[in-house]
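Below is the structure I would like to discuss, written out as structure tokens.
The chains carry the letters A, B and C, assigned in the order they are written, with residues numbered from 1 in each.
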Amino acid sequence: MAVSIELTKEYGYVVLVLVAYAFLNFWMSFQVAKARRKYKVFYPTMYAIESENKDAKLFNCIQQRGHQNSLEVMPLFFAMLLLGGLRHPAVTAVLGALCTVARFFYFTGYATGDPRNRMKIGVRLSSLAGVGLIGCTASFGISLLVRETA
Amino acid sequence: MAVSIELTKEYGYVVLVLVAYAFLNFWMSFQVAKARRKYKVFYPTMYAIESENKDAKLFNCIQQRGHQNSLEVMPLFFAMLLLGGLRHPAVTAVLGALCTVARFFYFTGYATGDPRNRMKIGVRLSSLAGVGLIGCTASFGISLLVRETA
Amino acid sequence: MAVSIELTKEYGYVVLVLVAYAFLNFWMSFQVAKARRKYKVFYPTMYAIESENKDAKLFNCIQQRGHQNSLEVMPLFFAMLLLGGLRHPAVTAVLGALCTVARFFYFTGYATGDPRNRMKIGVRLSSLAGVGLIGCTASFGISLLVRETA
């Protein structure tokens, strides 16, 4: 039996969480651009080499891994947000908002230059929320499979 | 009140813009593969080191940042295309097509070897279109929240 | 004429294939973390430099390109999975499952340290399945455009 996709009001929050994450990413890329000018790491160089630039680790660590890691998780985060939200829109929106906030702390924690600081608020919050989001997505998939035929 | 997702005919153009962007990316990865053979930069090396390869900057600049940057924006671009298109399919399809064309100019501009050329047609067009796409996506999210109950 | 999105039971498999790919990626990132400890390549370094680390090629090759390449194709793979599945859910689920299995072989093949091993099962299977997925996605887009008005 086919299921019509119906979007409840709460799905609007899911979409806006995605838009918020987009703005966070733009903010992070501005921070990276500022760091490029400050530490003289020019395109196309993605990661500065320590033997060539005394601020290499700071640039790589503070900004690039904070930003690049955020880009790496984006496809997964968006997919789970949009799919999990089809069945659990309120929960998904809250978990997605937590991930976005955690991502901010992850970035600023990385910005101290010490990669271990990223293990604090940012990663723990994201991991917990991420597990929740996978759960919502799997729940949505399973709900389609077990739906009884009328 | 729940909203059924209904796809108008124009959403077909949104989907085909996504397919076009996919083909553009395959074309770019072929260009990168050709450059790897030409400049002798072999896997798993992602970016050539200037002290080891006289064509390093050309390879890194011309191809990799053109291709890699395109991959970086893909999750965001696709999400906004597909969500914004649910409410503004014609506008979204046009903006998405502009982004795809701009991405082509960005890649070939980068291919001259001078990263500043990428600031021209490619980036300005993409930025304007991107703002439009975020607007369509936010509009879609807000429309779900403010929909009056019958 | 607008088309309501209706998800058949088989779309549940499409969603679960996406969840499986997510788990595969988490597994790969654990392998990368293990390799970081084993070969002493610490954050924020993404790719080890051969002149500084005798295991550089092994780390870069075995793990990072296996994992990073998987992350690079993820936006495209997810988009085609979810869109193609709206029209061809059973075919899309099977092709997506094949891509996930192929990605596993790609990663373990890369793990031997010789990048050419990745050209075997992993890439051939993925390429064939990928062509199929693009086909499903284009088919879905075209079906929206040619749908006759009632």
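To be clear about the criterion, a residue touches a chain if its C-beta (ideal position, glycine included) is under 8 Å from a C-beta of that chain, and two chains touch if they have at least 3 such contacts.
None of the values given here were measured: they were computed from a predicted structure.
A.B. asks: Chains as vertices, touching pairs as edges: which of line, ring, star, complete or other describes this one?
C.D. replies: Shape = complete; every chain linked to every other.
A.B. asks: Subunit A-subunit C contact: same residues or different, taking over half shared as same?
C.D. replies: different
A.B. asks: Quick one: superpose subunit A on subunit B by CA and send over the rotation angle as a multiple of 5°.
C.D. replies: Here the rotation carrying subunit A onto subunit B measures out at 120 degrees.
A.B. asks: Using the average of all C-alpha atoms in each chain as its centre, how far is it in Å between subunit A and subunit C?
C.D. replies: One centre to the other, that is 18 Å.
A.B. asks: Which positions in subunit B touch two or more other chains at once?
C.D. replies: Correct list: 4-5, 46-47, 49, 74-75.
A.B. asks: Show me the residue ranges of subunit B that touch subunit A in the complex, using the header's touch definition.
C.D. replies: Residue positions touching the partner: 1-5, 46-47, 49, 57, 60-61, 64-65, 68, 72, 74-76, 79-80, 83, 110, 115, 118, 134, 137-138, 140-145, 147.
A.B. asks: Mind pulling up the subunit B residues that touch subunit C in the complex?
C.D. replies: Residues 4-9, 11-16, 18-19, 22, 25, 42-47, 49, 71, 74-75, 78, 82 of subunit B touch subunit C in their complex.
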